[in-house]
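Below you will find the structure I want to go over with you.
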Amino acid sequence: MDEKIILKDDLLRICGDVIDKGHILLCPVMNEYSIVKDFSRIKLDASALPAGTSFKCYVFPKTEPVLYYKRSKSDVQLIDVNIDRKNIVILGAKPCDANSLNIMKHLFNWDYSDEFFNLREKNFIIIGLMCSHYDEYCFCTSVDSSPVSEKGSDIFLIPVDENKFAMRIITEKGSEFISPYAEYLKTGDENISKQITENVKLPKVAFDSNEVYEWLGENFESPKWEGIGNLCLSCAKCAFVCPVCHCFDIVDEDYSYTEGRRMKNWDGCQFGNFTMHASGHNPRDIQSKRYRQRVNHKFRYYVDKFGEILCTGCGRCSRGCPVSIDIKEIVSNCKD
Amino acid sequence: MDNQKWEPKIVAFVCNWCTYTGADLAGTSRMKYPANTKMIRVMCSGSVDPVFILKAFERGADGILVSGCHPNDCHYNAGNFHARRRWDFFHELLDFIGIEKGRLQFSWISASEGKKFADVVSKVTKDIKAMGPFTNYQKMNSEFTALFPEEANADSEIINQIKETVL
Amino acid sequence: MNLLKEVFMKYGYFPGCSQTGSAKEYDISLRKVIEKLGVSFDEIEDWSCCGATSAHVTNHKLSTALAMRNIMLAEQQGMENIIAPCAACYNRLIMSQFEIANHSGIRKETEELLSASFQKDVKVFNVLELFLNIGIDKIIENRKRELNDLKVACYYGCLLVRPSGLTKFDDAEQPESMEKIAEATGAKTIDWNYKVECCGAAHSIARRDIVVDLSKKILDDAKYHGANVMIVACPMCHTNLDMRQRVMKRTYPEHEDFPVLYITELIGLALGMDEKELGIDLHFIDFNYKDLVPENSGVG
Amino acid sequence: MKELREHAKELLEKGEVSAVIGYSQVSEKRTKPIIVTDPQDTDQLVFNEYCLNNLAVYLTKARIKVSCRTKDKTLKLAVTAKPCDVHSVVALIQENQIHREDIHIISFNCHGVAKDFGFEFSGDNIASKCINCETHKPLYFDKIFGEEKETPKASDDAMERIQEIERMSHQERFEFFKNEFDKCIKCYACRAVCPLCYCQRCITDKTIPRWIESSSHMRGNFAWNIVRAFHLSGRCTGCGECERACPVDIPLSLLNRRMAIKAKKSFSYVSGRSLETPTLVGSFNEKDNDELFM
Amino acid sequence: MKIGVFICHCGENISSTVDCPRVAKICESYPGVEYSVDYKYMCSDPGQNLIREAIQLYKLDAIVIGSCSPHMHERTFRNAAFSAGINPFMVEIANLREHCSWVHDDIESSTLKAIELVRMAIEKVKRDKPLSKINVPVTKRVLVIGGGIAGIQAALDVANAGYEVVLVEKEPSIGGHMSQLSETFPTLDCSQCILTPRMVEVHQHPKIKLLTYSEVVKVEGFIGNFKVTIKKKARHINEDLCSGCGMCISKCPIKKKAYNSFEEDLAFRSAVYIPFSQAIPNIPVIDETVCTYFQTGKCGMCLKVCDRGAINFDQKDTVMVADIGAIIVATGYKLYDIERKSADLKYKGYGEYGYGKYRDVIDGLQFERIASASGPTSGEMKRPSDGKEPKKIVFIQCVGSRDDSKGISYCSKICCMYTAKQAMLYRHKVHDGEAYVFYMDIRAGGKMYEEFVRRAIEEDKVKYIRGRVSRIYEENGKYIVKGEDTIAGMPVEIDADMVVLATAMIPQDNAPALARTIGIPYDKYGFFNESHPKLKPVESTTAGVFLAGACQSPKDIPESVAMASAAACKTIILLSSDTLEREPVVAKVNEDLCAGCFYCQKVCPFGAVEVKDVKDINGIVYKEVAFINQGVCQGCGTCTATCLSKSIELSGFNNEEIFAEIAAL
């Protein structure tokens, strides 16, 4: 592994250059990933909690047009959307967020290659940052990840001291990105960073994902679901703040009586209308079925299909739940 | 947009019994008023939903007029009273959100007030002309993304696209 | 409850020109009576003419601006309520307020003239409203003597209760509030026909002949219905009905003097003050309560 | 606390209610809703300054309604409600969602709650709705617990913000709300937590015609937020749950509060205060303000 | 869907400012439009044929007509479409004449507007759904509210056509104001002589059920199917037993406690009383408020003297419910109160005329009673205060009427005539008396009316003074009437013995309350509103409710009678068929989505919204939803806008259609 040391000031200099080149720089500022123009706002604080929302919206926007159409008397004319190709650099992504694109990628390239996702994803450079703080909702260690996981990052930073970072270049994309800035990089000592990462306090492993997988397979009709379903209010806040939830809805929107566009919008499996059929039948008509679907999808179906858990353990869904439903608690208590 | 040539687009939601008939009277009396206002006939001013107003703004209306029978004159006794309360709220809400009160106007015009109809429509047209196009709302149609369809290719618009979809 | 609240209201005082001249005794008696009833007021600083002179027929803009200037001053000096004891001032002030409130054009024009904007709703009261606000009970409570030998004709004149749409405190055609106040002094009131007729104030100087005719009818009707004194709440009325009785005698030699008091003076008497203190001796027609009291009645 | 648990237990044991909707402690400064059907579980019930949720929202949940129905009759449902939550219950009764006789209200003398979970309850961290709250005692209840305590003093920032907005020009206001609404991701958490958003299918889910565009672009967000505020105007009881639930911190209660001020100013109506007065929406007065109309 | 567009030139009415061929051509290019054409007169026979042929030739599903206002020819075109085999509600009209060509000058802009209007109609018609008319059964019974001359006339007309009538009168006797009048203008025939036979006829008519001393308290239902709740107030007399002998009245010891309202308070009546001697029914009423028995529990004199045992102190108000097919409202009028009424400041009263302080300043109806042979003075001219014969009398017209400052702007219409009549009657009775009339204008439009006024002036020497009276006050037993003669330009002062004020006709006090009970609109004064001022003068806007007489606006007797007969005729037309056909513009609830908040019920002006239980498969009610009774719904759509979950749609104007119209802008 190629390990370097970089000064914080030099890192910021690189940021300045990125902005000068016309790329977009995303950084967690004030509890959210925002586009940064003034890099004095960049904090790079390893002890911060995950941002309120992930950077999912930059690769999978909450709403985007997929085509435009124009009706005339005899036919319908379709107009493609020109997709943006701007480079996006994410600096300071939490390990739990950094891994999200890797997980989501499977879905968008399964039976159909979603160019809207892929083109955006291709232009992403993710610079991950080790995480040194967790709260009662964090459970990355339970889903095959950890605060020091490099998964998903192109470049991974480990704070050595206040002004210095150890930098691991993980992917080719990462090394390609960093190569123009070789002058800033000094050779680092793998042992120092290793020592730091080993000393990071890890959240307790709350559950064994394999056991959960087994349990879900056997307990589709468990009475537990009803109890949760009664409490859950069917908002889709958990899905919308989740870094890996990826359901979307396609709607046509008219501009005028002949023209319109087709939109791809976020959707959430907790909505009552999510599975509503045109016939009026709704296979997941009550909330307990919908919540069961959510948990199954994350810990069983996605594993079946793509071999990965659809969860990064960031805990956003539980932290924000208006009625304090904690997915970690539900999953870890499933057997009692 | 060339303000000299710009003509406002005004929608009027009018009740079948009073204002629509009043407008008919304005017609039979050959009173002249500007052609900007297109009328949508509803049965009663009480049946006009505030979402109609939003839809009309979305479709590029620069101003809206809602008109029904005078109080106590409603063909349905009380539809206009309910409407009055509803609009009182909605108008104040729009005002709070930053939509000038003049964009949405209301009147009571009876079947015999052809003159008043012509006057009201002229006044609303004048007001809206003075306020200019409702770009605030119209801009929103394309603000998340590029304009339909050729402009969609413009690079600057795509930057907008990314910017505007930021959470 | 409401009344109590009003008692503690603070009033601004707009005297008007008459109060400083021909109706000085009105001013004196008002101040004394109010003090006795435990209400205080501040005179509006730098007040000016209300515009009720010929201004309101010759220059509308000016008369409105004059009136509103005083209201603006009151507003600036933190007064929410003002008393205008002169009926003409009262009328002018409320009329101007009405116009300001109902015609945005006039409002704008006046605000520009005064380079100020009217924000608060300053309430203007006449003396009748003032005493009703203070409360009849308050007069009865503080009464030192009962004036039950007085048979009072309450004369409202034309401006005090008109225009009827604006002066909502009493009926324009058959008012009763002054009677209520007068009765609180222990005096009897009479029912008569001329209480809202015109005394001719507008022609006070120019056409004395008209004034004399009109005033004479008023005084005669009061006498005919058994009154022995008349009370008024307007300096104009007082001028015509009191001062002009001398001229009246020239045209109608048979006319007998008939005392005309301000309502404040009547209350003052009931509160135990004497005629001199109240300025009644400044009237043209003499009035002394003791003269009316039959001997040996034991009062006073 | 003890009395509350005993009362709940008694209700369940005697079969007077089919369930008790209440709060249970999660951590020191956090509670969560709990639906107790087993008398044994009543010892989980708590009430303190961290009971933020407005549990009235559960009263209209169809599943809960179903679970309290037996073949012969509908059992009562007990709900623990802060005095302000009782307003929501009242509004639900007025809007025919529940019947007063079907519901057992357990309420408390309340002196405010924290602004969010995890904050120490004090004057600095008091929920905005509790500042200047006038109902420390519930207006309707079947059982009341807790002693009366002084509410911590705090300044009403939300009110100041409204006034600040009112001082802005129309253009500034529009920009302000555009920026706020822009954040909306249409997760509809505001709708889900609102006790008065009980429609089986929300106007925004109607597709023929499409009332409100489901896309969360500017236009759709504007329409949704305006319509949400409008549908609640004259109805919103000001529990503030929508704002608390919003993941992107849109100041929803500014709109709700502004409309409540309007209702009070123009119609002397405060939602959810009395079962006797007719609802503001759905009634009219011939003397209503007519100034709007030419 | 195939749509046909038909643009009418209306001769040159439309085509002079709208380029009709261009409109038709552009419309042809719109999606869905199969055929588009313009023609000189679409409504003419050849025009309609053109439409029919096009529908059949091009197999059109819906049509759009660009023509005059739908209020003009919607029906014509719907019928044409129907005869060609398409649903009449698949027709939309774009108003190119009243709303476009007639009101704009510029050809370009009005053509563009016309295109937009047609486009909106095209988009709407695409969403239109075929509708069919609604049939409702009809109950063949009529309710007449008010037993004055209008109510009597209407009841008799309907009953004579063979339908049942329920006549409700709030007073103990029918007859109304007409029974109080002395003689009627312009013929000077005796009012009671012409009225009482009709009253008797009502009483004896087998088809009329007469309910006096009763009030309508609730009206539910809809045209053809009203359910009316009537409260019958307790008379404390058993109507079946009472023979009307009057023994109780003559023996009642309470003689001077209550004024006789029939005599306009000019006389007293006993505690048990019959309003007047010709009353129908001739059955007394006991006034609880003055009767000694009710006040103290003692007396019972009437009970002792009644040999039929008809007195029943325990009688209670009773309530009955009647099924009614149509309602005729004939509640009449009252006179403007000149007195000071602190409780009701709607009208200001006349302080300048003494607020009723002077006993000899009376109103028109009081004069009628004084002049009436059956009145308190037996027809002799005596003034109320001292019974002296007034030698000088002043009549003042327009007291209240046409006086904005007192709250009424309208003309009461009958005062000019009855003042002339009263002045004439006075002069006939007091030959040496002087009669003065203060008037603003003389409005004597009517057969023999102007001649009648001239007769009063010329033959009976009534002195007419054009001007207003500013004040009346008493002096030495005389009433000084101060006024102005505006023709001479001089102030006038008349020392009259009596003054008669021709006070305005205003609606009954409870008219607005009754209007709300029935669900009909009323104007700002409280007069009921007709459906159309010219073409539907006797219909109210609520289907099945008709108006007669002065409750709609001031009227004299012949006009009231004419209106009553017209209303009766309309009612008879309605009842002549067994079922009613109604336009299908009604609201419908989507029961699956309805959340059951019942705001629709609260806003529905017609009470058309009912509660419907929805049951699950086990028969357990799991929710309540709104249900709209299609017979009651009038199609205003207020519920659709109020419904928060948008679960109600108004057929013919549904939200999808309106959205489509907005989209086509």
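A, B, C, D and E are the chain letters, set down in written order, and residue numbers restart from 1 in every chain.
Note that in this section a residue touches a chain if its C-beta (ideal position, glycine included) is under 8 Å from a C-beta of that chain, and two chains touch if they have at least 3 such contacts.
Everything numeric in this text was worked out from a predicted model, so none of it was measured.
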| item | value |
| --- | --- |
| Shortest contact path, chain A to chain C, counted in steps | 2 |
| Which of C-E and B-E has more C-beta contact pairs | B-E |
| Far-end chain from chain B, centres as C-alpha averages | C |
| Chain closest to the middle, measuring from C-alpha centroids that were averaged per chain | B |
| Furthest chain, CA centroid comparison against chain D | C |
| Approximate Å spacing (C-alpha centroids) for the pair chain B, chain D | 33 |
| Between chain E and chain D, distance of the C-alpha-averaged centres to the nearest whole Å | 47 |
| Centre-to-centre distance between chain E and chain A (centres being mean Cα positions), rounded to whole Å | 70 |
| Whole-Å separation of chain centres (CA-atom averages), chain C against chain D | 57 |
| Per-residue multi-chain contacts in chain D, two or more chains | 62, 185, 201, 203, 210-211, 215, 217, 248, 281-282 |
| Contacts with two or more other chains, residues of chain A listed in rising order | 53, 57, 62-63, 256 |
| Residues of chain E engaged with two or more neighbouring chains | 592, 603, 642, 655, 659-660, 663 |
| Chain E contact footprint on chain A (complex, rising order) | 71-73, 254, 256-258, 280 |
| Residue ranges of chain B in contact with chain E within the complex | 7, 9, 11, 20-21, 23-24, 26-28, 30-35, 38-44, 46-50, 52, 55-56, 59-61, 72-79, 82-83, 86, 111-112, 118 |
| Complex contact set, residues of chain E against chain D | 592-599, 602-603, 618, 620, 622, 624, 642, 644-647, 655-656, 659-660 |
| Interface residues, chain B side, partner chain D - complex | 50-51, 54, 58, 71-72, 78, 81-82, 84-100, 105-108, 120, 123, 136-137, 140-141, 143-145, 164-165, 167 |
| Footprint of chain E on chain D - complex, ascending | 62, 65-66, 69, 71, 95-97, 198-203, 206, 208-211, 231, 278-279, 281-283 |
